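We just call them A, B, C, D, E, F and G in the order they show up, numbering each chain from 1.
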Amino acid sequence: MTQWPLVLPVFIPLLTATACAFSFRSHKLSSVISWAGALANLCVALLLIQRVISQGLLVTAFGDWQAPFGIVFVADLLSASMVLITAIIGVAIVLYSTTDLRSKPFYAIYHSFIHVLLAGVMGSFLTGDIFNLYVFFEVMLITSFGLMVINANRQQVDGAVKYVVLNLISTMVFLLAIGLLYGATGTLNMADLNAKVALLPETTMMLIAGLFLFGFAIKASAFPVFSWLPASYHHLPSAIVALYAALLTKVGVYALIRVFTVVFDLVDSGYQPLLIIIAGLTMLTGVLGAASQFNIKRILSFHIISQIGYMLMGLAIYTPLAITGAIFYIIHHIIVKANLFLIGGFLQRRQGSDNLRELGGAYQSMPWLALLFLIPAFSLAGFPPLSGFWGKFLVIKASLQTDAYLLAATALFVSLMTIYSMTKIWAEAFWKPLPDNAAAPIALTRLENCLYIVPIVALAVITILIGLLAEPVYQLAETSAINLLNPERYINAVLGNMPEPGQISVLAAGESQP
Amino acid sequence: MNLFLLNILLAFGWMLLNGDYGSIDFTIGFLVGFFALLLTEPFRNKPNYGRKFWAALKLLAVFLYKLLTSSLQVVWDVITPTHLSHPAIIKVPLAVESDMEIMLLANLVSLTPGSLTLDVSADRRYLTVHAMFSQNEQSVIDDIKTTLERRILEVTRD
Amino acid sequence: MTDVMAFAINFAFAGLLASLALAFIRLCKGPSLADRVIALDLIAFISIGFIGVFTIYSNATAFMDIAITLALVAFLSTIAFARFIMRVSLSRADSSGEKS
Amino acid sequence: MSSIIFRTSAHIVTVLMLVFSVYLLLRGHNNPGGGFIGGLIVVIAFALLMLAESPDYVRERLVYSPLAFAGFGVVLALLAGVLPLFFGQPFLTGLWLGKIGSPLLFDVGVYFAVLGSVLTILLNVEEELS
Amino acid sequence: MEFLWCLVVGVMTTCGVFLMLERHIVRFLFGMILISSAINLAIFVAGRLTRGNPPLIASDALLPAAGYANPVPQALILTAIVIGFGLLLFTLLLAYRAIKELGTADMDKMHNTEAGQ
Amino acid sequence: MMDWVVASCLIAGVLFSFFSALGILRMPDAYIRMHSSTKAGTIGIGLIMVAAALHFQDISVTSRAVGIIAFLLMTAPVAAQLLGKSLLMNKYKMWRGHD
Amino acid sequence: MQNRIPKLWLAFCVLLPLAIFLLVGASYKPPESLLRWSWIPSLGIDFSLRFDGLSILFASLISGVGFLVQLYAVAYMKPYKGRGAFHLYLTLFMLAMLGLVLADNLLLMFVFWELTTLTSYLLIGFNHEQEGSRKNALQAMLVTGSGGLALLAGLIMLGEMAGTYSISAIITQGAALSQHPWFTPSMLLILLGAGTKSAQFPFHFWLPGAMAAPTPVSAYLHSSTMVKAGVYLLARLLPVYGHSALWFPLLCGAGAFTALWCAIQAYRQTDLKLMLAFSTNVILGQLVMLIGIGSSYAVTAALLLIAAHSFYKAGLFMVVGNIDKATGTREYHELAGLRAVLAISFTAALVTAASKAGLPPSFGFLSKEYLYKAGLEFGWLLSATMLLANAIMVALALLIVIKPFLRPHHDKAAAMKAVEHNQLLWLPPIILALLSVIVPVALLNWYQGLVIDPAAKVMLATAQVKTVKLWTGINLPLLLSAATLLLGIVLYVVYPRLKPWLDRVMSKLPSGPAVYQQLLDAVVKLASWQTRLLQHGQLTQYSLQFFLVLLAFLGTVLWQLFPLPPIDWDLKYYDIILALFLVIATFAVVKAPTLLTAVAALGTIGFLTTLVFLVYSAPDVAKTQLLVETLIVVFIAIVLRHLSAANTVPRHSALRRLVHAGVAVGIGISISLALWIITAAPLNQEISEFYAQNSVSGGKGRNIVNVILVDFRAFDTLGEIVVVVIAALATVAVLAGKRINNMVADREHS
């Protein structure tokens, strides 16, 4: 029965989404279905990670066609923990959406899309097949398009055009890369690719790896291909932008990490120096972008880019410690960034604006929200002992260990500028008195307040827990990192009782069988 | 009744397409055709069809002959260096009435020499036809009415 | 395959491709959209013919289905274009949305 | 577009296409065809009907919303996937009862999902744009 | 024969990229259609070309005829075509909505969102 | 023997197709080009399909060939009619011959 | 609102520091003891606390003064809004500070270090409705925060060098570390951290800025706690970095200069609180200098000065707070005759000012004696500097006592009200004043045994600690003290004439806050510039950017592809013609004069690709491609029908189009070459073989492609139909959106 927990993270959201869509006439019914689905998914994710921890890598071959012939889902520690985080975000967003999107005409479709998006994200985390990864990327992509245009106003349509146009470029390059990779190796299974890619001529391998790097860099919103993100995120409904901010770019980073450890070796691919530069510039341009903004969502959007830089930095350094840091950072960032957007959205709902010039007085009117804001904000800024510090600490330590001093200095400067941004929001939205020309805050019902605050509190608690109980999270990230850098276990688990990698390669090099 | 026949025909067509001839295939074909007809409900104002096979065959023969000759005529015009045609747009009064008849006539007019249906008037009284060799408009009209329309009426009317 | 068949098939390929070329020229020349649509329609016809010839040539009868499919869809696209031209005439906007 | 000629022939052609689509769907496992191709042919058939008549006419003929067809298709495909799990086999494993098997069920799901989705788009485009 | 199609893919990609860089959003879409076709063709070519021997198994055989075409890229392309189709339809109608809503088909004039940054 | 029949059908069909293509290129206006494409095109493809049916002499191929011909006979004039109608509505200027 | 604070909460906040004070005192067993809990063992981070002379000195100051400050704040903050939170922040700050000084793990210490930054930010900006408060809080945050980040790097390097983050273990390695290449860099980084926190020049300015905080905060943060964190760190790491040749010059230079510079600044101030703030900088400079000297005397002097300063400065801040409360101003020239209403505060002021001025027998006197002793070991320059700085302290002490209290009240002076009826306002300063005298007079031996001896041992393994005595006979330091006093009196007297001149001179020099602001503005300006550059909103330019990057990725590899594989010319003529047509049709799309023409050309491409797939044995693909392309054409035709001619779009400039063409051609060539090279090598057909063999037996189907789609790789297909269904829903949404928006707008209008 190992199949169930591996399949359900995709199956449940898809089923939930269908049910939500069919129940569009009743907001109440679709809410209940959506909640149930999200919670069920959380349970499955917990079960999955428990299984992975107790039994090691889980593999299921769909249709009972073993790898590399069929599509496999593989849950290693990394995948399982990403699935868990995604499920947590799912619950938080679904709860938050219940009130944030309640008045929208397409309420049920929102929920439906949210679940499909979750399915896409979890599928991307679990799949062991590169073409299947593409399919899940597309599921995510089209769903994100959809969420972007539901009830869209002028600005959203405008942002959506940019988002769509630029993301399509990524998608196409990704597909082309897969096609070329298949043409060069004859296989699509990532574990199987490991050995076969190693046999390729260096230039071929570099070409294909470059295409993957480019495609995923857009997804991850790395410098200089991040323009789609700040152009489109800030006009979205808060629940949706929180969902995007938490998950979409991180899937790009995850894909980079997975592909450039299991399929290509980053060092062998020759792209390590480039990735280091990309990481540094991503951090820097993102944080500077944030420093020039005055809207909460815009500031936070640019910070996504900046933090992606940290994760890329971890990958680029390519030591176990660095990748541990990257993974730690991803886990931390998903929770924290979602929470910041949720809080920003709550402010926007109450004040009718997220422009810092029109906000103020929230410290007086909502002291508990102020306190709740401090946690993710200073976690993002890397204040210990909150979760963000450990990620930052790990990548900086790793960069110092590898004598990448400039990179470390950049990371530290970026951290300082993050402090600046977070204190800017804090000072303007919370500390500053409400400007005279600002509208009076909207009074929300108790239930609405509750639905807004519960996810925020939950995510804040998780942030604190990750910070204080950093040891188990670190262990998890470290084990994942070590397994990524030594993918033999993964490969053996996926390919099962296949012949030794060496034998496959002989086949690959020789004539095809009659 | 005609629908039922059409349904049976569809079932046979199904078998033909499948290249399998058994009762199961016939049933499937019949059911598929039944639902297809149910969905589209063609010939809503169906006239009383007679089974004028002979008339239909004659129509077919005339049609194929005309098609071939018309094609050759066009080809000849195409390959000779000068343009031989004297085109004109002509209104042909209609004796046929039902949708099916009008369609049949219009299509046949299009597929036969020197004429191409362009439109049916809203009151269904005449066809607008583009004729390629219309030195004499009335002869074109007569040709259509005597060879095609008459034979169609033979097929469709009792 | 007999010589006569080989010749016929080669002749067919060549003839169809030449037809395609002619239709192409009309497609590019226009001048009106209707002319281009006529060309497109004919290109679909020629493609059906090509498929027929290729089926004979390759002996893979499975290809015949493609010809049917092509016949079905070519009809639809021609009609869509015709409708476009009609709509344009109705709205009396000259070559609406066409300038690039 | 209210041409008698077109409307009349569209009805006939649509029927033929619907039959052809089911034929392509059912034999797709052994010959070129399958759910996706079949589904698209249904769409083309109804597109013709829509052009000849109106979107409302097509909606009336379909009885259920095309989106419901799409949802039904997805549910069928998911069902085909999850069925083997109850027999202790992995997701999407083929279960066969003679000539009928879960992969065929899956293909039927694809058929409905595709026809439902693309028809939805088609009808909406025609309705919203006019 | 792959070489010839490599060239065609290159030409289609070139034209596609060129169109995707134009200001008219519909022409961008044309570029996208071109590139999609080019990429499908590229995958097809990458799986190697076989003339006139489709991967079908005769009703009296258990294996396809020798020298059958590689079915894997075909299946991949089918999936890619369908996905691309969905994306394209969406993009097309988004473009329509954008033109109607923003009053222009010029992608460079669509910058409501980034105004005031 | 059958080869000869098939070959002549093929060649005739291809010739019709070719002239139809030549027609749409050479003919002076869109109406006449439609004559060319509708008639010559249909018969050209029809002949090629007949050739295919005769060549394989297989029920599934024959049925398909017949289906294609029938379908073309049914749709080609309709398409031409709609195009013609659209031209009429556009007040398309007809070529009136040399006189 | 402000009076509704639960008494229990206030009591808790006041008593917690007291309890900690007692607990720390009770648990201290000289010379040192260690408590250790595991926290993040994988990273070498323990929750380990170290009790030795140095940490106990700081811990008892933090908790002791903390207790008094909390007590004082209960009274002082009464009229403030949100004072419950104030006490919370203060308590959290205290706990962070305690953690900082007690931690025996570098990273644990850093955790607390950053927490003090965070909590002090909240405290400094407590009067957050005033813009100045927010600004100064941010300034303190950014300055100490940047130092903190440098410190983090330094600590990581130190930990890496030593192989452990345990402070005890690192200290024992001592000199061995000095051989490591990171030794000096890590020291510099750590110095940067300590220097910003302890407000050394040129980072000194945040401290006076932090005076925006309510007075209890100043009394706490800027006397005994936060600003001394840097000093504590330096003292702690003296055994490690004392070996560096740079240690002495850097610290002495920075410390002495800070002391002198800030003394002059303090001398110029008219706001009593600012005066105290700058004089805090002076003491911090002196402490840094002493640690830089690092001799036995210096260490002793530092340990004395830390405590002495804490007592008198906290007391003086409280006195100034009371003055503020009584008159509403802290400008000394507006103050006079305050003795009448602030009698007890005056007493406290008198004693603490004496300590500040270094009058015997105060604690200040004692520490100054040892300061001179330490300085004299290293020549006259340091001593002269200190003498000048101390003389200014004397002048300031005189000023603080004389101007507000001893001048008779006059008309121009601010009105006064009695505030001392609240005992909590005067009790804490008087206790601090008493301590300033009692410790040197009565508890010196106790202090020596408990603090100086063990702490000096920790800081300096070779320390020869002499018994500290108040009276050591007439010697050079005593004479210097006397000279200091004299000079101070002179400075006080010439003050009215000297100040305008000083103001003139100083105003020409760059000021810290101004430089900080310029720097910040420059960064924000750079940020805006960069963002305008990168995020300009021109979509086609973004696309161009993306494609350029793609070209760069491909192009760099491309040069390495040569020599190219041989071309396999296995072509039929229809291959070539099909390819040619495809190419022509492609160009036709690009060159098409109208959109509809382009669509027609696209339709042709659809037919032609169908033929290609047909020719190369892919009937399923051919069919699907055909259907899809046709539907696309139909959809585009439908959509274009509804777009009006108004949507004509100008093209890019010719040059820009040329660039586009270049990029496009580059990408096209790259992809052609890549594909060619890949297809020139043989393909591993293992997987298709498997599919062929299992299609009938396992998949029960004879169309292998379809069996792949519904069985072998059915999961892809599942995802694919999800995409299509979602695309349909999304399309419905995007189309209906406008109508719904209009409906909503109409409803709002009516």
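Rule of thumb we're sticking to: contacts are C-beta pairs under 8 Å (C-beta built on N, C-alpha and C of every residue); 3 or more make two chains touch, one makes a residue touch a chain.
Bear in mind the structure is a predicted one, so any value in this text is a computation, not a measurement.
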- Note on the structure: Taking each chain's centre as the mean of its CA atoms, the one lying farthest from the centre of subunit F is chain G
- More contacting C-beta pairs: A-E or B-D? A-E
- Message: Centroid from C-alpha atoms only, then distance subunit B to subunit C, rounded to Å. What do you get?
- Response: 23
- For the pair subunit B and subunit F, the C-alpha centroid-to-centroid distance in angstrom is 16
- Between subunit D and subunit C, distance of the C-alpha-averaged centres to the nearest whole Å: 26
- Message: Centroid of subunit B to centroid of subunit G, CA atoms only: how many Å?
- Response: 85
- Specify, in ascending order, the residues of subunit A that touch 2 or more different other chains. 14, 21, 62-63, 131, 135, 138, 142, 145-146, 149, 152, 157, 160-162, 165, 169, 176, 180, 183-184, 188, 230-231, 292-293
- Query: Residue numbers in subunit F touching 2 or more other chains?
  - Reply: 20, 22, 34, 42, 58, 60, 64, 67, 71, 74-75, 77-78, 81-82, 85, 87
- Message: Counting only residues that touch at least two other chains, what does the list for subunit C look like?
- Response: 20-21, 37, 39, 54, 60, 62-63, 65-66, 68-69, 72-73, 75-76, 79-81, 83, 86, 88, 97, 100
- Which chain pairs here would you call touching? A-D, A-E, A-G, B-D, B-F, C-D, C-E, C-F, C-G, D-E, D-F, D-G, E-G
- Item | subunit C-facing residues of subunit E, complex | 22, 24, 26-27, 51-54, 56
- Which positions of subunit F touch subunit B when the two form their complex? 16, 19-20, 22-23, 26-29, 31-32, 34-36, 38-40, 42-43, 58-60, 63-64, 67, 73-74, 76-78, 80-81, 84-85, 87-88, 94-99
- Would you mind writing out the residues of subunit C in touch with subunit D in their complex? 62, 65-66, 68-69, 72-73, 75-76, 79-80, 83, 86
- Item | subunit B residues touching subunit F - in the complex, by the definition given at the top | 13, 16-19, 67-68, 70-71, 74-75, 77-79, 83, 85-89, 103, 106-111, 113-114, 116-119, 128, 130, 132
- Note on the structure: subunit D residues touching subunit C in their complex are 1, 6, 13, 17, 20, 24, 31-33, 37, 41, 44, 47-48, 51
